[in-house]
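Next up: some structures, all given as structure tokens.
Note that subunit A is present in both complexes that follow, paired respectively with subunit B and with subunit C.
Here is the complex of A and B:
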């Protein structure tokens, strides 16, 4: 059974972090905004959730509040960019710094324990006790369920007129303006929405590991970028509508990346080498796709 | 022509912009009036101010002096969405006029003002767009992304999008540039349909035969000023040669 443990861990982490990968991918691909805020809204969501839930606010109310906090962080990034014409990266970096201090202030320390408090995983805990080897099959199924519901809602929203206008604003701002679409407003709205997802990812991870930590966002950006790149290279783009492709690729990439990392650690990769291994993995996947398609020029253009 | 007849009145407009730190006066004290339903061919050498004039009329750039009145209202008093409902600019670059990551259906839907107000069903819209795309040979590509189209096909799509807009004034900045003869003919057909539907058209061209024979009126720009303006049969190749040299 030892071979299945990395798969279990990787699958679980991939599904937990898929929302953060989704946040980055939707911002990057649909809004044309490489949004670094994800690294700040992820722990901010966890911090807001942990504090509210510990003070007695019901879990089902704490989660949307945490998502709202993440959404406000995303909206602030968009606002800084459109109002003060700050560089997209710089806007995100400024908000990461704000979110870090804010998370510390909200939690009153660097972390808060959530053990003994209710969680969305409570319903599957008992079912998993009967499984051999401590496999988290039911937790994974629950997370897949969340992702299916969430993805359906996101795809539905992107197909509405508001969603279409948002996608036009991201795809071609000049064309969007010619159609009378308010590009800055749509950008702020879009970044708010994507960072709600990043905050949700932080909430789910905090619930699963039993604590929220101010440093839990560190590295999320790198892993989300790696997962997005891997997912987009693994899936055939032409089979799906573009926004559906971005969404599915983010989830598949998140799981694939985490499973590979779990197996790499299992076979003896030192945790200190993890980021180097991530970079090599991303380059390998891109290179494989390019050599398979034989279309280096199109990759470079992209 | 009374003011109420004209859809566009450009009064003493000067447009200056900065290029590499140097002020460039692209349009100089220009005055022009367009009656509803007219099809104007706008010609002139590169750098004569044609594109800048179109961008100023579309609200993309603000004139330094003068006033632009569109459908009876000054541009400065109109919101961005009001301007977008009054005028639509098709760029020379086909990539500028469509959203590459949206399908053809979605590109048409987001621009289709009538569909938004009439609350049409998906099936009705599908039928409508298939009929619109059929003459362009794109009917079977409705579900493909715009980025899969060639440059010429994207320009045809951009013109079709213009037909779906509620704006009575269409500005076409060299829509036929870099198109093969077959695509050019299809584009001209699209513009004729637009014009026949009652839209006022201002089309920039470098094609001498179009400048002289297409449309109702020909205006020649040089150094940001109108140097020739003739309507219908008054247009002569000799005059055009003198002011433009293109014939």
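Here is the complex of A and C:
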């Protein structure tokens, strides 16, 4: 049964990090904004949650607070871009830097241990103790449940008037302006919403691994970008409405990417080769479809 | 559906590889499995791992004969810690050794069996154990809290005229957060005025050190991987401006630090090995061990270049004196 372990871990990690991938993908595809802030809002969410949780604030309150903190980081990125006409990448980078210092300040250190504190996974983890080989079946099911609820809410929100305005502002700013839609305001709102999701991802990971660390955001951006690319390459895009496709692709891509990482860890690759192995895997998946879609660059530029 | 077939194909190949690898690495009959998880490769951490294996061999646990090691390294990526912790917990190892703070926390969260942590500066603050004196069920380990008081005393002994002490540290590391608090605690009573320089990456070490020149009488590097990684830059600044540069471990003295009182990371590994052996022998509740380093390391060449003459009594008390700066 040992071969199932990497699949199990990949599924688990993929579902935990899917929210961060969603944040990046929604910003990228619906708002046309390559949002680097994810790397900052992810640890910021974990930091806010860890501090509140440790001081005894109930989970139902500390999780929304953490998401709000991430949302504020996203709003700041949007604000810097629309108000000061700062380059999209630069606004993201600036906010990552701010979020790093802010997380350190909030935590009063670089790391907070959450071992022994309650988490949303408590009851499912108890169920799993009887499962053979430490399979995280129930945790994965719970996470799938979270994602289903979350996706339904997101799809519902995108179908409201506000959601429609947001999508128009993102996909065709000139047309949106002609309709009298406030494009900058919608961009700020959209980035706030996506970064709430990134912060939630940070919270879930912190709860699962038992600590929040200021360094835990490092590499999330690259991971999310890779996962998004894989997901979009794996799924047939014509069968779903575009925003539903973006959602599903983010989750599928996140899981696929983490399964690959788990296999690489399982095989016991030397640390020097681990990153190369994951890079090769991403390239392999991308190559599966490059021949059909033509130039990859044209896709990125769209 | 061609794409689906390809995906399934890739997964099938990966599965076969995983099965082959897990068969290949089968445990010797009746042997024990020791899993080692570390966050990154680093001379001090490697020394811990090497000496841990050596000590276990002395205790009768010989690799390939009655014990098998499974080693995983997160390559510095904190989010990978949880992945590795889950993987090692699923392997059914007899003891999991977790090196560094985040790795120890992730392993403590997912493991069902005994855990021994190593090189965790502040295990109580990290939430791993509730106190260092009492034994806790299934978890113990070694802490590498640096002897900051002794280090500051050594600075006083070698250069009695130093008043303003510049400390370089990375606020993003748990070890140096602990370190800077300790330094702040002991500095005033020894007559030092602290001037702190924060370097959040190895590249920042040079400009931050350069910035401290003229405002400090001596430089001190705290116990973090970032600053130690940039030690060459700090040595360059110290030599150019003839300022004494004090450090905290023997490896950094060899690379041009003037002097250090050091935790021996090799001894830390040996100590960890002893704890692992006790866990393997069935003990379940063992108090954690805090390493109290007291060895003095000096570098004569660095002293000469930084314009410092080391008192003979300090020279005599040194465990090791380096005559050259290692490249």
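Methods note: the second predicted complex is superposed on the first by the 286 of 302 C-alpha atoms of A that agree within 3 Å, B and C clash if a C-alpha of one lies under 4 Å from a C-alpha of the other, contacts with A are read in each partner's own complex, and residues count from 1 in each chain.
One rule holds in what follows: a contact is a pair of C-beta atoms (placed from the backbone, for glycine too) under 8 Å apart; a residue touches a chain by one contact, two chains touch by 3 or more.
Please read all numbers here as calculations on a predicted model, not as lab measurements.
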Looking at subunit A, does subunit B or subunit C touch a larger number of its residues? C
Quick one: is A:175 in contact with subunit B, with subunit C, with both, or with neither? Answer first, second, both or neither. first
Kindly classify A:232 by the partners it touches after superposition: subunit B alone (first), subunit C alone (second), both, or neither? neither
Of the partners subunit B and subunit C, which touch A:241 in the superposed model: first, second, both, neither? first
Could you look at A:30 and tell me whether it touches subunit B, subunit C, both or neither (first, second, both, neither)? first
First (subunit B), second (subunit C), both or neither touched by A:39: neither
Counting only touches as set out at the top, which of subunit B and subunit C does A:165 meet: first, second, both, neither? first
Per the definitions at the top, what is the overlap between the subunit A residues touching subunit B and those touching subunit C? none
In the complex formed with subunit B, which residues of subunit A make contact? 29-30, 161, 164-165, 167-168, 170-172, 174-180, 182, 241-243
Subunit A touches which residues of subunit C in the complex? 3, 6-7, 10-11, 14-15, 17-19, 21-22, 25, 40-41, 70-87, 89-92, 101-102, 105-106, 108-110, 112, 125-128, 171-174, 177, 200
Touching subunit C in the complex, subunit A uses residues 2-3, 5-6, 8-9, 12-13, 17, 100, 104, 109-116, 129, 133-136, 205, 208-211, 213-216, 218-220, 223, 234, 236, 258-263, 265-268, 270-272, 274-275, 284, 288-289
What residues on subunit B touch subunit A, complex-wise? 58, 60, 80-85, 88-89, 91, 95-103, 106, 109-111, 116, 143, 145, 165
